[in-house]
Every structure is written in C-alpha cells, then in structure tokens.
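One structure below.
As written, the chain order gives the labels A, B, C, D and E, with residue 1 at the start of each chain.
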Amino acid sequence: MQATESSSGQNEAPTADRGRRLLPVLRRFGTVLVRWREASVLIVAIAMAVYFQASKDVFLTHDNLRNIAQATAPAAIVAVGIVLLLVSGEIDLSVGVVAALAPFLVHYAVDLYGVPVVPAFLLAFVISAAIGFCNGFIVTKLRVPSLVATLGMYYFLLGVLLTTSHAYPAQIPEEAQGRIQQIFGAADWASLTWCLAIVLFFHIVLTRTRWGLHTISVGGNLIGATEAGIRANRIKIGNFMIASVLGALAGILEAFRINSIDPNIGGGTALVFTAISAAVIGGTALAGGSGTVIGALLGALILAELQNGFNLIGISANPFNLILGSAILISMIANQYLSRLRRTGGA
Amino acid sequence: MAEETALRVEHVRKQFGALTALSDVSLRLEKGEVLGLIGDNGAGKSTLIKIICGYHQPDAGRMFVAGQEVVLRSVDHARSLGIDTVYQGLALINELSVYHNMFLNRELRVGPLLNNRAMRRLAREHLTDMGVNIPDVSAEVAKLSGGQRQAVAVARAVYSDARILLLDEPLAAMGAKEGVLILDLIRDLKARGDVSVIIIAHNYAQVLDVCDRVNLLQHGTITFDRRTSEVTVDELTELVVAEYRRRRTGSGS
Amino acid sequence: GDNETATDAVGNFPKTPNWKFVFINHVTTNPFFTPTQYGAEDACKLLGCSYQWTGSANSVVAEMVNATNTAISGKADGIAIAVVDKTAFKAPVDQALDAGIPVVSYNADGAREDPGTNRLTYVGQGLYESGYALGQRALTQVQSGEVVGFIATPGQLNIQPRIDGAQQAFKDAGGAITFTSVATNADITKGLSIIDAYAQGHPNLAGMLAVDAGSTQSIGQTVKKYDMRSKGLKVAGGFDLIPETLASIKDGDLDYTIDQQPYLQGFLPVLYLYLYKISGGLISPPQTNTGLLFVTKDNVAQYQNTQTRYEGSSTDVKLVERSGPIAHE
Amino acid sequence: MQATESSSGQNEAPTADRGRRLLPVLRRFGTVLVRWREASVLIVAIAMAVYFQASKDVFLTHDNLRNIAQATAPAAIVAVGIVLLLVSGEIDLSVGVVAALAPFLVHYAVDLYGVPVVPAFLLAFVISAAIGFCNGFIVTKLRVPSLVATLGMYYFLLGVLLTTSHAYPAQIPEEAQGRIQQIFGAADWASLTWCLAIVLFFHIVLTRTRWGLHTISVGGNLIGATEAGIRANRIKIGNFMIASVLGALAGILEAFRINSIDPNIGGGTALVFTAISAAVIGGTALAGGSGTVIGALLGALILAELQNGFNLIGISANPFNLILGSAILISMIANQYLSRLRRTGGA
Amino acid sequence: MAEETALRVEHVRKQFGALTALSDVSLRLEKGEVLGLIGDNGAGKSTLIKIICGYHQPDAGRMFVAGQEVVLRSVDHARSLGIDTVYQGLALINELSVYHNMFLNRELRVGPLLNNRAMRRLAREHLTDMGVNIPDVSAEVAKLSGGQRQAVAVARAVYSDARILLLDEPLAAMGAKEGVLILDLIRDLKARGDVSVIIIAHNYAQVLDVCDRVNLLQHGTITFDRRTSEVTVDELTELVVAEYRRRRTGSGS
C-alpha cells in the first residue's frame, strides 16, 4: 500500500490534483473546493442566486439582499445551536418557544418590574441558559430522550408564554427603543452582523477547540468518548445551554426587527424545523458526530433564497409549496452529486 | 512496601444483572512492574480493567493507588491519578482524524485553540516509532485498517505521561513487525522505572517476553499468580486447557 | 413593474400596464381565504392585472414582514396586507408608500382604535369585532351558565383576537356567564377529539362557540353525537362555511355561523388599488366594512344548494340564480 | 465468569427472580414485567388512566374510551410506519400530507373520474406507495438525507394537495357513504380495530420475520449489515413505502370519521410529530436500530390520554400547554426510572 | 486445472481517492486449500478480502469463481456463489441477540416466521464446539466480551455451507484454547475437501500450522507465494522485517 503521489507516504496533504490537465488557477480553485466540505452547498447557493437574478433582475439589489439577509439570520443563528446539539447527538424542539419567550422576558422585566434595559437583557439570557440547562439535565441525568424531553419543555414554555402574555403581542419597551433596538435587529444589517459573528465564533469553537472536538466525540461514539475520559454530560448540557441562548438571541433580534413582541415569533416549532433543515442541508448528520456551522449558514441562506426568489417571481401560496418542494429536491440531489464528485475527485 | 505498590485491588466484585463477571478479585501491581493478565474469553479481564480505569463502578471491593485508597468516580478521575488505558474496543472516534484521536482529551493547545500542527507532527513521530505506516495522519480513523486503528489507540495511551498503563490486548490486530516494536516500547517504559503496566494478551509467548509476572483470571477470581521466569508457554497453555477439560467432563455428566 | 407587457384597454378604462398586486396573508393556505383569492382573481381578470398570494402559512409575523419587504424590492404595483400585528407593519408600509406603492389593508387592521399602519384604507371586518359579534349573538340565546370557546391555535393572530372579542362580549354583558377558552388543534381531526372530550367532561354546558372553521365543524358533530340540544345546551355557533358546518346548521346542531364575505376582501382591494393607480391617486379608496352575515337555519339552504366560487365551494364561474323575495327585517 | 443462577450457564432464560421473597403470583407478574420491554410505558399509561379517572369519573366511560381510542388510532397507525423507518435509520416528514392527500385521491377518482369506490381506494394506496418509493429512492440511491428529502416531498405534495383541492374541503363521495364509510373509520371502534390489527401485524413483522431483523440490522449497523449481505436499500425503500401507505390509511380513516375530506387532516407536519413523539415515548431510538411497535401504540395512547384527560378536567387554552408539558416531563422521567429499575432488577 | 481452482484473482487494483491500496494483485486458491495471507498493517489484506466478497468493487482486474469469470455486484451476489466472510470488523449488529447475529441473512424459518428456537439451539451447539462460553445466546452481542463477539462472527461464516471462506484475522481476539479449537474446526472443513479458505493472520505459527500455502502482500501486490512446508516462522518474520529495514534506511536518506 502506498500513496500514489509520494513515495514516503508522509506528506501531510497530498496534492490531489497532480496529473490534472487544467490551468493552474482553475486547478488551485479546484483544490480549494475539493478540500472544503461546504463547497457543494455553496455552489448550490450560488447557482440559485444566478438563476433568480436571471429570472428577476431585482434579486441582487441592495434592498433585496437585505431582505434575504434578514430571513437568513435568525434561522442561521438558531441553526448554529442546533448543529452543536445534533453533532453531540441530541436535539432541542423547545428553542423556538425560547425565541418567543426571551423578548417577553425583556418586556416583563422592563415594563412590569422596572428593571433597566441592559440587566433585563442579561436576565433574559440567563433564564434562557437555565432552560437549556434543565433540558440538558433531564436528558443526561434523568435519561429522557431529548426529543421527548424538549417536547415537554416546548409545551411547558408555550404554556408559560401564553398565560403570562395572554397570547397577545406587546410593544418594544420604550427604554429599549432607539440605539439598542437598532443594534439588536432593527438596523438594516444588524441581524446579519450578529449572525456572521456567531457563525464565525462557533465555527472556530466546533473545529478548533477542545469543546468542539469533544462535542464531535460525544456524538460520534458516546461510549468511546466516555472511555477516553470525556465528560459527556457536561458537553451535552453545555450545548443545550448554547442552543437556548442562541434561540433567545434570535427571538430578540426578530422582535426588535419587526418592532413587535409577538407570542408567535418562531411559529411554535417552525423556526426549529427551519433550523434543523438548514443544518441538515448544510451537511450536519441527524445521527450525530458530524456537522458544520458554516454549512448551516449556507443551508439557511438556500432556504431564504428559495422563499425570497419565488416570492419575487410572484408565485402564489398554493403552487408555491409545489415549486419549493421540487426546488429543494432538485438542489439537494445536485448537492449530493457535487459532494460525491468532490470526494471521489480528491483527498 | 506500600510505597512500592503502584496499584492494589482488593476483593472486587462486579455483576451485570444476573451475571457475575467478577466475584472476588484481588491483585497488586508493583511500581515499574509489567503484569500479564490472562484468561479465557469472557473471563472478565476487560471488566477488571474497566473497573481500574474508572469506567465501571465495582459492586464491592477497594482500590489503592500508590497506597492511597480511592473510589473512582469517572475515567477522568482515574486519569487525574495517572491511570491511562488502551481499551479492547479501542475507544476511537471514527469522525475524527488520526491525530485528534491520538490526543483525545489531552489535546495540545495554544491559548484556547487546538495546536493542530504540533499534534500532527507528534502523531507522525509516534507512528513512525511504532513502525506503523499511516499515509496521512489527517485522515479520518474510520478509513484506517484494523492494525492502524489499534496503533492509534495504543499510541494515545503509551505516549501519555501515565504512571499506570492498562493495555487490553494491545497487540491483537498488530502485524508481526509492529507487534515487536510496540513490545520494545513497553520495555523502554519499564526501563524508565516509574511506569507500571498491566497487559492482557492471549499470545503467551508475548506475555512471557515482556511481563515480570503473570496472573490468571478464572471463575471471576485470580487463580494463579507467578513470576514469568518461573513458567513456560506450555505450562500456561496446559493450565488453561486443563480447566477446559475439567469443565467439559463436568458439564457432560 | 411598469416594464410588464401592457394589457389592452378594458371597458371604458384606458390601456394600462399589467399591474401586479401582492396580497400579504397570515394563513395563506387556510380555506377561509379561498374565496378571497377567487375575488382577487376575478377582479384582476376584469381589470387586466395580476395578483400574488403570499405571506405566512401559520401567522408568523416576521415571515409576513419579509414577504412585504420582498414585494417592495420587487416593485409591486400595489400591496394588500392583513395587518394582524399593530406595530410590525408600520415601517414596511411606510417604506412602500415612500416608494410610491399604494397599500391597503384587508381582513385585519391592527388593533381596535389603532390601525397601526398608514395604509390608505381598510377592507373587511375586524377580527376582534367579529368575535365580539359572535358573543353578542350568543347572548340573545343564553344568559347564564358555562360557555366554552374553542380556538385551534391560541396565540395565532388570525383567530386569537376573535376569541378575545367573544370573551369581551360576555364580560360586557355582566358576570352571569363563565366563559372558558379551550385550545383544540391545527389538525382538525385532533380538534374533534378534544371538543368531544370537553363535552364529556362538562355535561352542563350552556353554550359552545368556536372561532375557527375546524372547531366550528367539530362542535356541530359533537352536539349531534351526544344530542346535546336536548340536554341544556342553549347555543352553539362559530365561523366559516365549510360543508359539514352548513349541514350542522341545517340539522339544528349549530345555531349560526358567521360568513365574513371573504370574496369581497379579495375583490375590493384589487379594485381600489386599480382605481387609485388609474386615477393617479385622485380616487382615494374608501374604507369598507364588508360586514358580517349570520348563516342560520333560515338561510342555510341557499348556501348548501349552491356550489359557488363566491363562497369558495366551487371553482366554476357561473351565474347563481336566486328567486323569491329577499329576506328582510 | 459465571451466571449466578445456574452452574452450567446454559439455561436459555435465567430465572431472574430466584431468591426473591414474593408471593408466586406477584413473582410471576414481576417476571413478565421485567422481561417485557414495553412494561414501563404501560405502567405510565395505566397510572395516568387511574389519575384521570380519580379526577373526573367520566374518564373510563364507554363514550370517553371511544374518544380516546379515536384519538389514539391514527397517531398509532402513522407511528407504526415511523417506527419501522426510525429503526432502519430514516425518517419521513411527508407522511402527514400523504394522509391528507389520500382521501382526496379517492374523492378525485370517484367524483371527477367516475372510478368505482374499491378501485379508487386501491389507486390511492398505490399512489401512496409510489410516493414512499420515491422518498426511498431519493434517500438511498441519490443519497439525500431523509429529513431533507422528505421535507422536499412534504412541500411538493402539499403544493399538489392545495392546488388540486383549492385548499377547500370536499365531501365524502356518495358511493363511499354507508358501509364503506363505517368500515373505514366512521363506526365507533373502526379506527381502533384497524389500528390494533396493524400494530399486531407489524409487531410480528418487526420481531419475528427476516424483514424486521434486517430492518434492525440496517439501522443498527449499516456497514455491518451490508457486509453481511443484507440489501440495505431494499429494506429502507420498503419501509418508506409501508410508512406512506399507513399514512394514507390513517388519513382515509380520519376523513371518513370526521365526515369531511379536509386538506388540513394531519395538520401539515403535526400528525408526523405526534407519531414520532409516540414512537420515542414508546422506546424507539431516534438514532436507529431499536424500536417497538407496541411501545409506539402505548406512546400514542399516553398522548391521547393526556390530551383527553386534561380536556375532560377542563383546563383552558393558555395554561393547557403548561400542564401538558409538565405531565409529559414527569411521566417520561418516571418512565425512564421504571425502565432502569426493570433492567437492573432482571435479565 | 480450471476445474480445481476455486478462486482466481487477476491484476486487481483498488484506489481510495489518492491512495492506491492494491496496485496489481493476482492470486489463486485451489479447491480444498487453505491459503494464508500475510502482510504489514495497512498492506491491503482486508481490502483484497472485501473485493473478493463483493463489498468493494475493484477499479481494475478480473475474478474467476470455479473457473467462471464473475463481476460481483454485492455481498449478496458473492454469497449466492458460495463465498462467505469473517470481516476484521466482525459486522455484528449490536442491537441483535447472539443467535440472530449468528444466523444473520441466513435465518432459519418456519413459513414466513423466524425459527428462533432452532437458531438458539444451533447457536449454543456451535459455541460449545468452539469452546466459547457465552452464558445466554439471547443476550445482545453489545454486551459480549471481545473474544465472544469474534466467536459469533466466526461461527456465522464457518457454519454456513460456503464453498469459499474468507477469514480476516479470525483469531485476533480469541483466547489460547478457543483459538486452538477454531483452528481444529478449519482443519475439519479442509478435511471435508470441498471448502477452500483464505486466512489472514499475524501469528505466523498459526498460519504455518493450518495453511497449505502462504502469500505475502506488500506494496499493493503479492510478492511471495510459497507452500508452508517450505518455510518457517523465522523465515517469514525475516521477510517482513527485512522490508522494514530497507524502508527505514531508504526514507532516512
């Protein structure tokens, strides 16, 4: 057995494209694509943008790009947490209600208890983290499967939300209007900025830190990871907490952007399912052990592009589903085809 | 004497439901010693190792590390006491690269970030020392051959700075040459004098080659404890087979 | 939008571009709005323009805002929005108006006394008001006891205001009636089981109301199953006109259901937007209350016997004959 | 190493309770419970019934039991298909729309094309099976993860359903009224009868046939199963087809029961999530390789009991979720505790 | 001659991405013969086995079974030609019982239903023959010890009525006694004369003990093919180590 490209077999990164007959620049581009696992999803996202721009030339205008960004950001932020959870072998259905609850918590704290805005924000995040902790505790220590545990939590929090809010939207607290509201979602590119920062940060966490390595280990081989001395429960609980806090952030950003604190932000489980879909489209395995944060961002982008593009073209609701479904199927089949090409073509 | 004993296990018992895997095991590992643990398939050797490394909690019995009684809460706890293990199941994470597996849970870091470059370099060095040829240490372990996988698991434990090494059939999948080199490594560790090792192996020649003492686990307890200088391969084989004959005729009646 | 192929002049109107009007809805696939879409379609055919039906399938306001923004970016020629949230649509509507796109609201118009947006006008009857009317009508038949109101999805803005309105009606009538709101389910089949169970557990109910089509239908079926009319149930009613509901009215299991004339909520916004555009903004669209029509045993036959696109029960374009005197006070 | 209870270690089923100091009858009952993996869920279901009967004595009346049965049956039928899919390592989100589509297919065939009722039924089932086949094909041959593939199929079918039905309910075809309608859902215990027959049949399939064994193998260790010569793709595609057909049946039963062919039967993804929850509550692992059909039935029963019981008690809309969520959490924690007892206490 | 050759492999080549696992392998297995296949870790032995059993498709090369050229589409296809395999990874389903694993994909049935009773009985018999003690054949294989697991995998293949058996390190985790008994079993099969076997093993004594012929796989090709009567353990070891020395000094330059 030996590697074709080097007699010692010790080269760290085999130059997979030796022997190809392409121009150097293309070759270089090819190599990058071949190495980069999110490449196929990116290509699909770009192809889609090209298609929509060709059918409707306002697609790539500044205003519409902002629309797409605003639709991508909350799903991507939630998807980041979901990726961490899926990679560690768990799932959380309650994130969507946390998203709806968090802005209400800010509202309650400020408007009912007179807490200043910044501590109110902190409070909302702390409570969200505590919810994540409860989820993690019930899953790891009490051994309830995460789907059922977080389903229970979902109903519980929904009950809390509807009873305390009387199922009625509230207004953004006056104290939070202005600069804070702009920063937390209302400014044109605010939610995208948050989203990119979070994606970048957790991309590094997942790929370059112990936490990420242990998250992958726990999800890939729970017994093996435990045997290697990794404290699986801590990792899982931590990821539940991260997912909850990111859910809360997404909810706050959305509430401030649409300028209304609505009990239906997140649409029940809809936001979570969009996020799970984005994660899976981006290449995260439902079975755990493997996933990418950047892929999830691209997955969310693809879903947002589809929604926005077909809306621009002017497709109405009923046939919309038909076309959306076909587009998802076609693009994902293409995606799989591209990523198989990528894998067989290179390292 | 207590100073010199790296590990003492006393009257350990372990049940799995209705099955008694270990009924009453006591053993002792001196500092700098290599102890061979042999026994039939299903005798409970791996179970014993997993108790010593903190993975299983025993149902009864006591453990002393360097003379101090300990109650291990987790594998992590045992590691903090200097106990490191090669599991029979290898405990590799298929989704991770060779070098990440090799440094799993003792990753090298720069600040909060992983020092992948250093880990890659060391991983290559270690594998070369073991005579194992893995073309790309960045490849996922899922793609490795059986022996390559075992080499990664062995390297993980052997190159840690553990004071007590537990090796559960570390040579099972190793080639002839690679096996010899790993045994050399273990001898090196022994020569340094501060590492104590328990090795499980079914190849008695290898056991006698590297071990100072050999214990036989049968019926959930240690039935035989002798210095290797005092026994031969044939004697050990005879011991095991005799037991088998006795059982055959026993159950046939 | 003006680069679209121009359509020939219709009737006495001048030649216009093929204007595209976008309807932003909160429950895009709900059968209630099927006739609304027919109304919009018919008006567009008549006037030589086109429409798009979009928004959110389950009343997620953020999705509606996104769809509105997309319509603005896409340079729609006019927008009709169901304003189910009183603050969220202010900015998008202002942006549309700034961009010269006329905006009207339909079906829902912010909160009571506060339209929440600077839309040109409103076509429809308020959700809250219709709920209030539901309760008031019930009060003519029941003065005391337990009344339950079923709601498929509490918190969702297409129906939550209705149940709030109903509750208010009972509150305003004094305290003789205890009103409870009970959640059913988005899945109509589960909703039936839930209503059935509630009826089992509360044999002394004086009234059963519902604020969505599925729950209304299920009330009718449950009332029939346990013959509740003979056991002290004084009033049963709800919303919308799906076939089972009409059958229950006919059989007397339901007393009434509310027809909000959804066809008009599609037809009129298109007409108004068209007139606004064609007159260069000189015709300011009038505020229109599309009203409430109570469908009872007296007039249900007409609904049952005619399958018509004006009620959503048929796609066919055909003349609905009627005969005899028109009922009046 | 030896088994405590027998010196030869060859006893097929160790009598785990030797040495206990219980009366023989209790002991026997205990042994059965200890062996039977669905025991803990059954205990939870029974405890729940006892609780609700104590709070509201109409709970166990004939009428209300029929209610519970009618709420359990469709979820359980769908859950049976979901269990097979989950066990083989896949998932299907599109089943709920298949449930809504199937009665429409019957309606279209009979009322628009004049097909007699029985062939119309067959047609609906064949089309549903074909949908399942497409799902399976896209997942196994084109390698699209099942969550995304069936999400695409979900939107596609939803589009088909809404465009063809104009999002408007239809009436049961006249030809199908009467005996056929009674058999397919309208009779009091019809859906329960179907449900029990299906559960029994697939319980045997999963535990006593090659198909079941291979389903478990494919989900438990896909590579290992393939190495052992099992044709994994066939198994998966077959299970997708079963799940679709069962979804269609559930939809037809429901439409005939509520006497209206409504595009909202199944509530989009709601029916599937109820079914997945029932499966997981009953002990099916999301990760594949392990599951029980009877457990899924009990899971569906528990969910129906909760819904029905709290409705009987008369909890109003907003706090309902709160109580439902708490009840799910508490009962599942108890369930896990019981099943741990079961495992440590016996074989 | 074609009559007598159970299996012929010609110029088989297999790449994994940039890695050439097998460059040009030809081998031949006579009817009733036991062939030993040896080589370093990562030499490509398991890859070759997986090609012969239909799991991998080769990139080039031809295969003949009983003189007939075949292109294997799947493991199932190979099984229908009488080829059965013990994989190095064992291919066990952790979620299934011991006896279901042992009869996986060749289940005994009564009508459409599984004949669990018969499978349980046979499983117990087979394990007893192999000297492996598994208290309860209804237990999940996940709970077995390493050697017990391997015994299940070996029994699955050995007790099938295969005409060509491929055994990839079937003794790696077996105890001394159990190993001897399994080798006996293989000798029995050989004595029956209609079964041909390829065994991969790193223990050369065992190889010489049971095999008729031995092949060495190096650099992706067969570099050595000799009857076992003509070689000794030391010669084989020398062969492998010589290569290692050559490579070491080569890469050191």
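Note that in this section contacts are C-beta pairs under 8 Å (C-beta built on N, C-alpha and C of every residue); 3 or more make two chains touch, one makes a residue touch a chain.
Please read all numbers here as calculations on a predicted model, not as lab measurements.
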Co-neighbours of chain D and chain B - touch as defined = A, E
From chain E, which chain is the farthest off, judged by mean CA positions?
-> C
Among all other chains, pick the one whose mean CA position is farthest from the mean CA position of chain B.
-> C
Any idea whether C-D or D-E has more C-beta pairs in contact?
-> C-D
CA centre of chain D versus CA centre of chain E: separation in Å?
-> 42
From the C-alpha centre of chain A to that of chain E, how far is it in Å?
-> 46
If you average the Cα atoms of chain A and of chain D to get two centres, how far apart are those centres in Å?
-> 30
Each of the following residues of chain B touches two or more other chains, namely 19, 42-43, 89, 133, 135-136
Contacts with 2+ other chains: residues of chain C | 29, 57, 154
By the touch definition above, chain D meets two or more other chains at residues 1-3, 10, 14, 158, 162, 166-167, 317-318, 320-321, 347
Can you list the chain B residues touching chain A in their complex?
-> 50, 53, 55, 74-76, 78-79, 85, 87, 89-96, 100, 104-105, 107, 109, 112-114, 116, 120, 124, 133, 135-138, 156
The answer for chain D against chain C in the complex is residues 56, 58, 61, 63-64, 67, 70-71, 74, 158, 162, 166-171, 254, 257-260, 262-268, 270-271, 274, 304, 307-309, 311-318, 320-321
State the interface residues of chain D toward chain E in the complex, per the touch definition above.
-> 1-3, 9-14, 204, 208-210, 213-214, 216-217, 219-221, 223-231, 289-290, 347
Going by the contact rule at the top, pick out the chain B residues touching chain E in the complex.
-> 16, 19, 38-43, 45-47, 88-89, 131-136, 143-148, 151, 168-169, 172-180, 202-204, 236-237, 240-241, 244
Touching chain D in the complex, chain A uses residues 89, 91, 138, 142-145, 147-149, 151-160, 162-163, 166-167, 269, 273, 276-277, 280-281, 285-288, 317-329, 332-333, 335-337, 340
